[in-house]
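So that you can tell them apart, the chains are marked A, B and C in the order they are listed, and the count of residues begins at 1 in each.
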Amino acid sequence: MSQAPNPAQQAPVSLAELQLQFALDQLNTAYAAALDDKRFDDWPDFFLEQAHYKVQARENFDRGLPLALIALESRGMMKDRVYGVTQTIYHGPYYTRHVISPSRLMGQAGGRIQAQTSYAVFRCRPAGVSEVYSVGRYIDEIVQTPAGLKFASRLCVYDSEMILNSLIYPI
Amino acid sequence: MSQAPNPAQQAPVSLAELQLQFALDQLNTAYAAALDDKRFDDWPDFFLEQAHYKVQARENFDRGLPLALIALESRGMMKDRVYGVTQTIYHGPYYTRHVISPSRLMGQAGGRIQAQTSYAVFRCRPAGVSEVYSVGRYIDEIVQTPAGLKFASRLCVYDSEMILNSLIYPI
Amino acid sequence: MSQAPNPAQQAPVSLAELQLQFALDQLNTAYAAALDDKRFDDWPDFFLEQAHYKVQARENFDRGLPLALIALESRGMMKDRVYGVTQTIYHGPYYTRHVISPSRLMGQAGGRIQAQTSYAVFRCRPAGVSEVYSVGRYIDEIVQTPAGLKFASRLCVYDSEMILNSLIYPI
């Protein structure tokens, strides 16, 4: 359970922090758009070459247990996952739609930006209505690179124990 | 399917871009509040006199097909729609609630600002619970006018083929 | 029903207003995170000592009727509520997840900042899927203190007449 400093107690932010907040929100909305547009090949490019991507139930995260639904440790594993999702896994098609809160800037240390962002992902199946698919939060470590902000680690902690059918596409 | 430049690769933004991002988010939240508050007479004022407003299924949008649920081509047609919605259409009453992501600034060219924003619209009927009504994204062209930002074009691409009952109020 | 000035008609904002918008969004996301993380003891600290917190149905709010689901008038009453929620009320456990729009800055007068923010709260019960729990808007009066922004008043106006089971945790 995160015990972050209360941002309400921060002094007025600098222009640099406003720019960072802008970049974080644009990173998050671009990431969501890539997935929602099914541009899955773009997805690994949001990460560093050696980056972690994990999707874990809140129950396990809160207890410090290691079990996760997805745990990838490099861009190569992400590309492999994309290949699996788009070429080999047989599944009913669906669209996703991410709606996210403004990003929460938690701190910066050692060249790493810590941020957390709440998300809701909706699912739409052919001829169906929109359903709540997964809600939770991103817990991110982000670094500035010559090519812009990249995820060193994106941990998706989902609140519900039950996932509708199965999780095919990244969150 | 949009092939936008990856915003993670942008240089630190200028103060002017931060101001634009602020204005976009305020435009979107004010637009949503007008609809959710049922101040429908305010709705056409968010557009230019000669503006397009379209609500289209993602299936048709992705295939470049023209069929749309609503397609209006001027502020006058919007006022007519408002008259229809508030004075003549017989329908079960409901409230809407828009929850939107931060706006995604896609570019500027020829005096037009391109932006996209993901939305979820919830519906509440009398004595009922809140339901997911429509999710999708706004694809906008926006211009700066003496009276502030106005939509030259707002295209609402909704993900689900199925709409609960029918769409009465604008999205 | 609020008749706020149309933000699209504002001039380009100052750096001070951008800083305020940043602080409002960070206040809202920190508030939501405290509740979603079940750090309920942190909740009263988002308010002034003499502050109002009210959860009211839109039907009553729109008609100016006083009845509210929760109406607290000081930080002391909030602490009492937290004690009740965590120590004495017998209820089925659930998680919440707030997803909120960017905050809508409505004005400043007499040292008070007026803002409104749309929210969706999702609920996850053990072994269950995520459900839409409550949608609505925050109507806030906020003051700058040496310890940062604090709520002088937070009014949660929820759209649906029907609440799933009962409302235990604050919104």
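FYI, a contact is a pair of C-beta atoms (placed from the backbone, for glycine too) under 8 Å apart; a residue touches a chain by one contact, two chains touch by 3 or more.
Everything numeric here is computed off the predicted structure, so don't read it as measured data.
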Notebook entry, point to check: Given which chains touch which, is the overall layout a line, a ring, a star, complete, or other?
Noted result: complete
Note to self: Using only Cα atoms, superpose chain B on chain C and state the rotation angle in degrees, rounded to the nearest 5.
What the structure shows: 120
Item checked: Same-site or different-site touching of chain A by its copy chain C, using the half cut -> different
Check: When the centre of a chain is set as the mean of its C-alpha atoms, what distance in Å lies between chain A and chain C?
Finding: 25
Check: Where does chain B touch two or more other chains at once, residue-wise?
Finding: 15, 18, 99-100, 102, 120, 132
Next item on the list: Going by the contact rule at the top, pick out the chain B residues touching chain C in the complex.
Entry: 15-16, 18-19, 22-23, 25-30, 32-33, 36-39, 42, 45-46, 95, 97-100, 102, 120, 122, 124, 126-132, 147-150
Check: Of all residues in chain A, which touch chain C in the complex?
Finding: 1-4, 6-10, 12-13, 15, 17-18, 21, 58, 99-105, 116, 118-120, 132-137, 159-164
